[in-house]
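Here chain A shows up in two complexes: once beside chain B, once beside chain C.
Here is the complex of A and B:
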């Protein structure tokens, strides 16, 4: 009976953010593809819930179930009732999966099996092992625990890493608030869901832009990487940030392609959630904005309009700026440093030496341990052997990857984050890793499967 | 790429996998298990890889590089014997080869993942329980915290944690953090900024 009750509460803790997130995304962009609204629903919903808790905490309001949940339930219900009917955009006929036509020799069966087994392991690990990883014990779950037992923000200035965004700790707090007591296992529940959302977002984007086979290969390459899969079961924030970031980048691309301004709003919402998840989310918003500017400038002369571009940038940046501003007010009120003093500049004298160490460490991280399977090797092979730049999406993703590398190299080489480089670099790569998988899937689509078709056509 | 071609490439790389394993002195059945142990040592910051037994100079990355190189030679050789070998065919073989290596790695990783879970989770189907087996350091911290909570529930208690002067590295550093976390709401980290006299409220479980 107790287990059934716990499962029902878990169902609520997952289902309610999904419902809230779904209605909010649809409210911003009524005709967004349902795959996007489904994939982003938990991320958006949980972000809204935790931001609401944060605002309540700042206003010293009581942090109870009634005060937190009821207004949001009312908001979700209102948005659902008032929703505008959007165009239903179904996948093209040949892109839908028809499992009744699959047989055991079909590679999609085997990939589905690998995905299923991987997710099964992730869920078992998250559900059966209590918090044990370093950052979770040190500050993520610890901060959530303090807020849970104190039911206020009065001691937040004394918390470890007090400048760190509160998105994930407040989500863990909310899960246990609904449960009624502190459970070391319940707080692990959001992380597999973030990973499943990431899989869903990557999958649905690939289904729209590449062939069916390449989409399956893409999803296989994502679950083949050890580090993201491991992070799906432990209480770290990097998979959540990866989901927010990559969704934002992909939505900007779709927004420019479809000339749909409302998609910029959803992209901005995802970017804002990135700011709400980790400190570096704020810097990544700038990268996404620059990527958008590059895309827009690459348009034909008659389609490019500076005023429209600036308007869209404002639309995109509104939510990240709002999230950043609220956090800035909170930190100022508590006397905290804006970026936790993590960006003190180092002297330029030994910058070349640090750069050399960074390059060595990055190369080692990409190719030697088994964090990423063959993804980075495949990516490098794609850069060297294919005219990837001729494909607009591929070039866009490649530019994004290079921007992220540049940002992280600047962060490690020029600031006092250099001392954490050995420990943190692989997790930094994890944040933009799905872009690499997407590029690899496009490579397969353009240069393996289409090559095959061309050879057959020529032979015919 | 048709299914038959995929199987054709899969067979080539499986053959390469078994051949390289045999050359290095492992039986076919051993190779998978050895690689699962060497390849799957998870960490939050990165995965550690370990040298293979019998051949300490070989790490999994090098092992799979041998397989890849051998497999590429075979597949390019077969392709060349059928039709004139072009750059496009070479490129296609590079990508398909990487995908086959990736598939082999996934099989090894899934086995490694299962072994990792078996190490830390005890399942008793008859009793219908799933129980975790904690690592030594975490077990110490959790057990001590649990004992303190149960023993001193409802009593005013002063709690300090003295890990000794040389507690700057793991496992001591880790245990200190874990204790601070698992003892809360007993505040040993000066969060409340009060004197460390705590009345322990019973934790509902």
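Here is the complex of A and C:
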């Protein structure tokens, strides 16, 4: 009976953010594809819940279930009732769901099996590992535990890593608040769901932009990379940040393609959640904004309009700026600085020396086979073998990867973060790794499947 | 489909041929390579070398080169040169899948070690929290000793250095598992006692204002102020 009750509470902790996130995404952009709103639902819902807890904590309101959950339940119900119906797309005759015999030679069956096995591993491992990894013990779960037992923010200035955003610790706090006591299992629950959401987002984007076979290969490339799978089972924040950033980048592309300004709002929401997840998320918002500007100015064939571009940038940047500003004001009030002690000017010689070490370490981190399997090798092969620059999406993603590399190289070479480079570079790559997988899938679609189709057509 | 199967066969054959040359015949390679693929940590997933020192990644690279050579030569002979590079890319995915297969085998055997499958008994948590430091068990022991005082603020004192692992990890882990007993100075105010760990001379290390001493080990103890003794 106790187990059933716990499972029901866990179901609420997962289901409620999904429902809230789904209704909010639909409210911002009613015509967004269902796959997008479903994939982003947990991420958006949990981000809103934790931001609401943060606001309550700042205002010194009591952090109880009633104060936190009831207003949000009311908001979700209201948005659900007032929702505008999206376009209902009738299934075409040849796309109707059909039950057919399983063909064991069909590679999709094997990839589905691999996805199932990976998710099973992630869920079991997340339960088995509990809190043992360094960052989690040191400050993520620790900060959540302090807030859980104190039920207030009064000691926040004394917490370890006080400048770190509170999104994930507050989510862990909320999971255990609903349960009523501190459970090592409940604080692990959000991480596999972030990973599943990431798979969903990558899958739904690929389904829209490449052939079915290439989409399956893309998913396989992602789940066969070890580091993202391992991170899905431990209490680190990089998979969540990766989900927010990649969703934001992909939504910006879709928004420009479909000329849907409301999609910029959803992209901005995702970027804001990135700022709310990790400190570097703030810098990455700038990357997404620059990517948008490049897409609008350089990659789009239509005439460039500065005014509409600025309007969209404001629409995109409003939520990230708000999230950053609220955090900044709060930390300032506590007497903390957001990037304290992280910046310092270097001499040219020292910077060159660091750059050399960075390039060596980056090469090792990219091609170290078990972090990413052979994804980076495949990416390099794709760059050399295919005219990726002719495909707008490929060029956009490649530019995104380049910007992320540039940002991280600047961060490690020019600032005091150099001392952490050996430890965290692979995790830094993880934050934009889904873009590499997407590029590989597109390369396959363009180069292998497209060529095969051409060969068949010629033979026909 | 047959073309793909042929291609897959070439690359997989090359992989096992190279492994055989490196000293791992088919059966031995199937058994040994998955065991090298489970050394995961949050910062990187290491690929351990095989027992004779060969890195499985070396086998992967050489087999890719060998397979690609075969594919390119056969494409040239069959007047299909345009398709050769695509086939090499597909070959890379084949090797990726093979590595993923090894990785899954490694994961399953790792899970098998973590769980006692007969009784569904979880042993991994025990593994992580065992060893000389035992932070989680130690935290539970301290909580029981000072019960019903659950919100103490303790002054952490030690002769050991906590700047490096394993002590660095021990302190963070202990402070996490102990909370709401605070040893990281989160709550302001006076200390209710001291947690002494790894102190050479325990008798002289206990401050005079603390009166109730609960020994935890030969060099470890908790000392509390008067009035905070739980057993009176």
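Rule of thumb we're sticking to: the second predicted complex is superposed on the first by the 434 of 460 C-alpha atoms of A that agree within 3 Å, B and C clash if a C-alpha of one lies under 4 Å from a C-alpha of the other, contacts with A are read in each partner's own complex, and residues count from 1 in each chain.
The working rule: a contact is a pair of C-beta atoms (placed from the backbone, for glycine too) under 8 Å apart; a residue touches a chain by one contact, two chains touch by 3 or more.
Please read all numbers here as calculations on a predicted model, not as lab measurements.
Chemist: Specify the outcome, clash or fit, for chain B and chain C once both structures are aligned onto chain A.
Modeler: clash
Chemist: Taking the superposition on A as described, I'd like to know which of chain B and chain C A:371 touches: first, second, both or neither.
Modeler: both
Chemist: Thinking of the overlay built on chain A, is A:213 touched by chain B (first), by chain C (second), by both, or by neither?
Modeler: So A:213 only meets chain B here.
Chemist: Is A:145 in contact with chain B, with chain C, with both, or with neither (first, second, both, neither)?
Modeler: both
Chemist: According to the stated criteria, A:181 is in contact with first (chain B), second (chain C), both, or neither; which is it?
Modeler: It touches chain B, and chain C stays clear.
Chemist: Go through the superposed model and pick first if A:114 touches only chain B, second if only chain C, both, or neither.
Modeler: both
Chemist: Check whether A:137 is in contact with chain B, with chain C, with both or with neither, and answer first, second, both or neither.
Modeler: both
Chemist: Could you tell me which stretches of chain A are touched by chain B in one complex and by chain C in the other?
Modeler: Overlap of chain B and chain C footprints on chain A: residues 105, 114, 117-118, 121, 124-125, 128-135, 137-138, 141-142, 145-146, 149, 155, 158-160, 217, 220-221, 224, 226-227, 230-231, 234, 236, 365, 368-371, 373-375, 377-378, 381-382, 385, 423-424, 426-427, 443-444, 447-448, 451-452.
Chemist: How about chain A: which of its residues touch chain B in the complex?
Modeler: Residues 105-107, 114, 117-118, 121, 124-125, 128-135, 137-138, 141-142, 145-146, 149, 155, 158-160, 180-182, 213, 217, 220-221, 223-224, 226-227, 229-231, 234, 236, 365, 367-371, 373-375, 377-378, 381-382, 385-386, 423-424, 426-427, 443-444, 447-449, 451-452 of chain A touch chain B in their complex.
Chemist: Chain A touches which residues of chain B in the complex?
Modeler: 1, 3, 5-7, 39-40, 42, 44-49, 59-61, 88, 91-92, 94-96, 98-99, 101-102, 105-106, 109-110, 113-114, 117, 120-121, 130, 132, 134-135, 138, 142, 174, 177-178, 180-181, 184-185, 189-193, 203-205
Chemist: Please give the residue numbers of chain A that touch chain C in the complex, ascending.
Modeler: Listed in rising order, the residues are 105, 114, 117-118, 121, 124-125, 128-135, 137-138, 141-142, 145-146, 149-150, 155, 158-160, 217, 220-221, 224, 226-227, 230-231, 234, 236, 365, 368-371, 373-375, 377-378, 381-382, 385, 423-424, 426-427, 443-444, 447-448, 451-452, 455.
Chemist: Could you please specify the touching residues of chain C with respect to chain A in the complex?
Modeler: Contacts found on chain C: 1, 37, 40, 42-47, 56-57, 60, 82-83, 85-86, 88-90, 92-93, 95-97, 99-100, 103-104, 107, 111, 114-115, 122, 124-125, 128-129, 151, 169, 172-173, 175-176, 179-180, 184-188.
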